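Below you'll find the structure I mean.
Per-chain residue numbering starts at 1, and chain names A, B, C, D, E, F, G and H are given in the order in which the chains are listed.
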Amino acid sequence: MNPSNLENVLSQFQAGELSSADTVARIQNLSYEDIGYARVDHGRAARQGFPEVIFGQGKTSEQICGIFEKLVERSPNVLITRTNEDVYGDVRNILTDAEWHESPRLVRVMRDTTDLGVGEVTVCTAGTSDIPVAEEAALTAEAMGNRVQRIWDAGVAGIHRILGERERLQASRVIIVVAGMEGALPSVVGGLVSVPVIGVPTSVGYGASFGGVAALLGMLNSCSSNVTVVNIDNGFGAGFTASLINRKFTEP
Amino acid sequence: MNPSNLENVLSQFQAGELSSADTVARIQNLSYEDIGYARVDHGRAARQGFPEVIFGQGKTSEQICGIFEKLVERSPNVLITRTNEDVYGDVRNILTDAEWHESPRLVRVMRDTTDLGVGEVTVCTAGTSDIPVAEEAALTAEAMGNRVQRIWDAGVAGIHRILGERERLQASRVIIVVAGMEGALPSVVGGLVSVPVIGVPTSVGYGASFGGVAALLGMLNSCSSNVTVVNIDNGFGAGFTASLINRKFTEP
Amino acid sequence: MNPSNLENVLSQFQAGELSSADTVARIQNLSYEDIGYARVDHGRAARQGFPEVIFGQGKTSEQICGIFEKLVERSPNVLITRTNEDVYGDVRNILTDAEWHESPRLVRVMRDTTDLGVGEVTVCTAGTSDIPVAEEAALTAEAMGNRVQRIWDAGVAGIHRILGERERLQASRVIIVVAGMEGALPSVVGGLVSVPVIGVPTSVGYGASFGGVAALLGMLNSCSSNVTVVNIDNGFGAGFTASLINRKFTEP
Amino acid sequence: MNPSNLENVLSQFQAGELSSADTVARIQNLSYEDIGYARVDHGRAARQGFPEVIFGQGKTSEQICGIFEKLVERSPNVLITRTNEDVYGDVRNILTDAEWHESPRLVRVMRDTTDLGVGEVTVCTAGTSDIPVAEEAALTAEAMGNRVQRIWDAGVAGIHRILGERERLQASRVIIVVAGMEGALPSVVGGLVSVPVIGVPTSVGYGASFGGVAALLGMLNSCSSNVTVVNIDNGFGAGFTASLINRKFTEP
Amino acid sequence: MNPSNLENVLSQFQAGELSSADTVARIQNLSYEDIGYARVDHGRAARQGFPEVIFGQGKTSEQICGIFEKLVERSPNVLITRTNEDVYGDVRNILTDAEWHESPRLVRVMRDTTDLGVGEVTVCTAGTSDIPVAEEAALTAEAMGNRVQRIWDAGVAGIHRILGERERLQASRVIIVVAGMEGALPSVVGGLVSVPVIGVPTSVGYGASFGGVAALLGMLNSCSSNVTVVNIDNGFGAGFTASLINRKFTEP
Amino acid sequence: MNPSNLENVLSQFQAGELSSADTVARIQNLSYEDIGYARVDHGRAARQGFPEVIFGQGKTSEQICGIFEKLVERSPNVLITRTNEDVYGDVRNILTDAEWHESPRLVRVMRDTTDLGVGEVTVCTAGTSDIPVAEEAALTAEAMGNRVQRIWDAGVAGIHRILGERERLQASRVIIVVAGMEGALPSVVGGLVSVPVIGVPTSVGYGASFGGVAALLGMLNSCSSNVTVVNIDNGFGAGFTASLINRKFTEP
Amino acid sequence: MNPSNLENVLSQFQAGELSSADTVARIQNLSYEDIGYARVDHGRAARQGFPEVIFGQGKTSEQICGIFEKLVERSPNVLITRTNEDVYGDVRNILTDAEWHESPRLVRVMRDTTDLGVGEVTVCTAGTSDIPVAEEAALTAEAMGNRVQRIWDAGVAGIHRILGERERLQASRVIIVVAGMEGALPSVVGGLVSVPVIGVPTSVGYGASFGGVAALLGMLNSCSSNVTVVNIDNGFGAGFTASLINRKFTEP
Amino acid sequence: MNPSNLENVLSQFQAGELSSADTVARIQNLSYEDIGYARVDHGRAARQGFPEVIFGQGKTSEQICGIFEKLVERSPNVLITRTNEDVYGDVRNILTDAEWHESPRLVRVMRDTTDLGVGEVTVCTAGTSDIPVAEEAALTAEAMGNRVQRIWDAGVAGIHRILGERERLQASRVIIVVAGMEGALPSVVGGLVSVPVIGVPTSVGYGASFGGVAALLGMLNSCSSNVTVVNIDNGFGAGFTASLINRKFTEP
């Protein structure tokens, strides 16, 4: 955050020119820290209920660690997604609490484990190969204060596998369905429950699956009306939104 | 629903072979009515909290009316989407309560107006031409028991238009953002709030917008992590899911 | 067929230069009739077990009638697909036996109703709007000597609808599944049975369904290994191949 | 399979609450074994006439071996597709009967060689580079109890090569045609025979072949009506479906 | 042509500043006539051996007639492609020699019928519906001084139809093959002859033919090395290039 | 503009809480007028040097006229693009100064004709059919205070046509090149001059031009580094940006 | 070639059952050699004027050498395209005459250098990076008996570079133009000459060039009517067809 | 440049056959140097105000150095884009002034630092990963004589980050906006300013971003009319055109 901006806001507040509500809002919206290659957005925690996650892909270890240091000072829980074990080594030198999750290639700091949800978040996959993306979603939802249950390898070619989990599905507040190939599982799950379903297409597939596009199209064209979709392999986004759906809400 | 199937379930229940919970579940899942060209799914109301909407597109007026008659006997609120005024004429002969909404080309029966939500659903559009799709979303959410506020024509080329609505946005439980062209508005809105945002790409656009694909891709690649997406022009799906997000939830 | 070609073959046969097997093969392969704008392929009945169907789309009524006259002289059963009622009027002037099928827009002559199959061909659809394509498949299979059972509107969003038909499905020799939108039904059906399933994507759909491409990709990427696919809306091809699968086979 | 589920079914059966037919069906449908990362589907052999094949791609050697151990206890014939020689090494430690097939990169256990077909399955390729995919199809069909004949490198640019095999083609019960580039061979073969033809597009090609999409489109648009298609490079699916077509069938 | 430009060139020539060869080249290259909405290119006849054809599509009848009047003064043979009978009416008022060709929707003036070729141009089609495009090619080639033979409806599903024409094909100097659907015919023809083959994909097709893209890709990926391709439905371009191939050539 | 917002700004200004520069900025940014279906953006003229143009496509005549009335009160020059003559009739009832331009289907009010540019804007087209899009660009640039010269029908197949205009091109401040088909003209023009070139692909074309995508890709991949691109058929955007490039600029 | 097939043909000939012309044709068409993984097509030289080239890509060195040995016994000139230096090492052990061409990664045997053409084949490129593909074309054309001239790096961004070669271009019998990026050069060259132009798009490019698709579309949509196209990077096909165009032709 | 060509021009000039203006033009247009694999275009500096940049990608180090030597003799500032540190090593042996820029992988020689612009060029990015492309643009603009300001990591998900830079943006003569993912930043920036904005889509992204296509489409469909676009990752082109926009212009 640019200090002179903050001073302006505060002096306006002191002079009675800004109400206290406006002052809060301005500070929240102005608050980022410019470290050259990135503007670290501390205000987002206040605005969205969670610190900015670090997308590891396309950033150097130095950049990741630089941003991480700024975030970890203020937020109990931090995620680094799409990274590798070398970066994890560097990150651990900054904070030994950091955990390495091999399957989704994700670093997590989780110092606050309060349950913030009204119910449970369920994450299920169509196949074994979809597990890494599903774990990204599940670990994110946990870090944002949710109880999470996992259902792996329950694709539609053996429909009894998902039908056998009907009760657990129907007791969830929100369901994340991770599937590659034809992406049919969200439609089937969506038809079994009366809560929101978030479909995550994965790039798992062969031939004309086009790196997940077939699954993406399948989910977008779902005949179940309670299915929304995130980008291919975007487990983080699914876990993030599911957390917001599961949050307690009180009208202002 | 096939009567003999129901008899079977009931006699098993009477004989003590099925618990009462199982009996309820089976009846819910088996209950549809086969009228030849369609299996009218009365069970869906129990499973999903809403009767099956009739997608008008690709069905004859006779088919629509046949299905409508079955649904309207049991459900207070019914929607027919993507239809036309001629069908509305036929539908009105069955039920005079039916309302015609010109802009989204939708018939609505709304005999129950109980508020079922914990907060408000906001629907906003980037441009004037996105209003028909947005109205489909808003009318659906209202029919499912939600208070709905509308913000029209607040696209990112004049960013002050959406910023001026920040307070209303931040007070919503869930936000539907309808946009064509580059589909950038959900990212901006998503960054301003800490609730789920549902993006609806519209087929409004010119040249390389490819009937909404550009907007769809824009939303799928949103840099705001609380954005999920439905199919192009699928206002109904957005309104439906927003309603489920806004529902009061009690863990079973 | 060019008469001089036939004479050559026959005189070679008479002279002992060709075995009788070779003579049969040559006649089968050479037999077509050149009527200027088309080479009517009478040999195909012998080669494939069915006369050449007339694809009506892109042909004038004159061309269709010209070809029809040649075919109907020799084949008891003839189909004209993708045509219209005007053409049917002209065709009826040639042969009053011709039937008009409104939903698939198809003319059928069916003077031979012998059952040639070892079992039953089942045709099922995901939705009401898929029925025209499914009827094209069913009428074709009937014309080629099959018993056909129809299951309409059993899509995966209400999975109990198709599960309720499990027994009929499992008793079939071959199953045709017609579906638009996400095209998930063939995968579910494929997982329930141990016979070949032919998926027919339809152009029914909205938004990013791309005229059936989403359904096509869904079926190509099916996680059930007994699913093969034909082109979008190609009910005829599905009915044709299903008939060949259902045929009695004796090794030569 | 969840043992308590099975007990339930059996006790219901003993109590006369379930017919013996229903009991069989339930056991078939419920029978999978949950080993954490996968639900091994022993019921599929009963439902589809073959154990679940293991797709090696995207799975670790540990996962493959874990699933393999479960399958090999009950099924005489097992396939691992799209794997590598290292996995084969690990698999051989479990079962020395396992064979390694270099060209299709496939492990096969084949302890039962009974002929289950009514005729012969023919597999042919357009070019030399299509052989690996074709071998996957041929080895699958053999493992499922079929006699298989192979015809390699008979593409349409030298049309006499496939015409010279006309007799062998016409004596087959079902034909698999594997082709890259323009994918024209299935159309030509389809026109020569009166049995089903399964087209397998391969990713062999250059320039605007788009990894097999050109061949896929060619086959989907085939002017021969007896051609159905599987996904690009999906030799396994073609071999699997061809086996089901070649099976003896007795109506229940 | 701008007269003052011509004067400049001529006066330079007279002054000995330009060689006669240079003078010829300059006049050829500078010669167009600016009529406001178009620059009529009289030089092209000299540069390419044929006057500019008028593409009717996207031009008003006034524009077409305006250009036509300029061209017809100097060229014995003129074509207007992709036009309609109303335009033909207007054109006939300018020149009664103009012929109307219904199938390709083309106007032709052909006042010079000298044979300029070293051999024959063959045009063949896969189906009846490809004839309009093929006629555009054939009429163009005739107008450019070629003998043309036509072979209609000889697609690969009945391979004997094209094999029966092998002799005529092998005697041609250049072959144009017009095909929709999978576009396989050019590959087969290309393999039968040792002359150039020009493939013309047509937009004839259904489902995943994508308005001719499937056929286009098929031809681009042809396994016969003597096949080159023009744009979808571009019969004119094929006829034009075939004429240039068939021209007598004397090295300068 | 929300009056209470304006009052706030003004009272803050009066109280000395806002500098006069800040007051100007705020008023510019806040100033839009909410008329229900649209937020008319009067501030844009100040921010961008031109009032909001009305895109006619997808709006009713009532909506267009409603917006038009608001704009025309304050701006001397107004454009309505992609509209039709009926709308023009309604618009003329509001303001008789409005001109109708048939070729680009555009209404223009041009009451201020001051020359605001440092040089000339040149608009050229590859073909006759590209003129409507080019006129949209030219009329826009004129309305924004530029001298415009037009060069029509100078495509690369007759390269001397564009070379003959080299001098006029080299004297321009900025050049708009409008082309369909392969979109090659911007590359050639770009190589001849040392000023910015704006490429406008048009949807003019046949076969695999895909509604302008081929031209768009051609321009994006231009080997001339001074070429930037706008959307297909977006003459308005090209004229708008060219005007900004041609503007006199004084550093603040 | 299957010897017994040949014997049959010859004995029929001897018996007077086949004319000598028919005998020649049959021998040409039947003559291939089945070596297991490939059917080496010796007849193609007779049918097409050149032995089958070996596409190296996707074949093992053993397969390449096996085919090479068969071809080199009968044909003076042989090409192996898309291969590598290791294969060249193996090939040289078979025939020391083989030359290695680094840039196009091609092995050539050229023992016959007779000039078979009526004129010259010109190959030109837009850029330096297009040279490898252009060399493949040029080396092929030379191996097929043509004089070849090369013009490198003459793209349209500096239009004077190709204009400076106008005379050489206009003296050619056929021109191959190799270009990546926007693929505009064939249109410009096509407009300068009155001979056939073969466009070869290359995969050279950045961003939205899509591996040569942008160039391919550019060439397919060429506004010059004498341009035909081959697949991306298919220098061989261009060289092959250019040779056939340049051949002396005598009508049979 | 071909010396004899130059002699011709000069002797014509001396003879009074060419005016001095024409002589200048001809020399500028003819001046390139043919070094075999490339035609080094010294005339471009005169025609476009900058020497030809060397695109390193797809060229060998030898080719790059060969071209570099020719350019560096005459131009004070030279760029080599998309290259690597090994090439830089070779280049430094030729000229020690050459600088290596790691992030954009670019070599720059900058011996002339005169300010040629009327204002400032601003380059901003949406994220940290877009910096390499943005640096390519910034370094290019500097080398062409511009003052450049950089704004990094100001994407729309935290809209206050770009709004905080409004003043700097509004003071620029031209703005380059570099963004991956949904590509929304140019629309927002475009709406804040009244100068031209050049959008550069980057290939940074995940899932359905398709290597930058999503961002490209977003920018092409921008609702801000002052946005033009260059190819994906084409920082050089953006910097080049921005320089031309920022140039002082005097009408000839």
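The rule is simple: contacts are C-beta pairs under 8 Å (C-beta built on N, C-alpha and C of every residue); 3 or more make two chains touch, one makes a residue touch a chain.
Remember, it's a predicted structure, so these values are computed and weren't measured experimentally.
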{"item": "Minimal step count in the chain contact network, subunit A to subunit D", "value": "1"}
{"item": "From the options F-H, A-H or B-H, the pair that copies A-D, where over half of the contact pairs coincide", "value": "A-H"}
{"item": "Distance-maximising chain from subunit D - centres being C-alpha averages", "value": "F"}
{"item": "Intercentroid distance (Cα basis), subunit G paired with subunit D, Å", "value": "38"}
{"item": "Rounded Å distance between subunit D and subunit H, as computed from the means of their C-alpha atoms", "value": "54"}
{"item": "Interchain centroid distance [CA atoms averaged], subunit A/subunit C, Å", "value": "49"}
{"item": "Where subunit G touches two or more other chains, by residue", "value": "44, 158, 191-192, 206-209, 213, 216, 220-221, 225, 231"}
{"item": "Which pairs of chains touch, using the document's own definition", "value": "A-B, A-C, A-D, A-F, A-H, B-C, B-D, B-F, B-H, C-D, C-E, C-G, D-E, D-G, E-F, E-G, E-H, F-G, F-H, G-H"}
{"item": "Of subunit F, residues touching subunit A in the complex", "value": "12, 17"}
{"item": "Partner subunit D, residues of subunit C touching it in the complex", "value": "25, 44, 47-49, 53, 118-120, 166, 170-171, 173, 191-196, 198, 216, 220-221, 225-231, 236-238, 240-241, 244-245, 249, 251-252"}
{"item": "Residues on subunit B engaged by subunit F in the complex (per definition of touch)", "value": "128-129, 131, 152-154, 158, 160-161, 164, 204, 206-209"}
{"item": "Subunit H residues within the subunit G interface of the complex", "value": "2, 5, 29-30, 32, 36-39, 41, 43-44, 57-59, 63, 82, 201, 203, 212-213, 216, 231-234"}
{"item": "Subunit D-facing residues of subunit E, complex", "value": "126-127, 155-159, 163, 181-184, 187-188, 190-192, 205-210, 213-215, 217-225"}
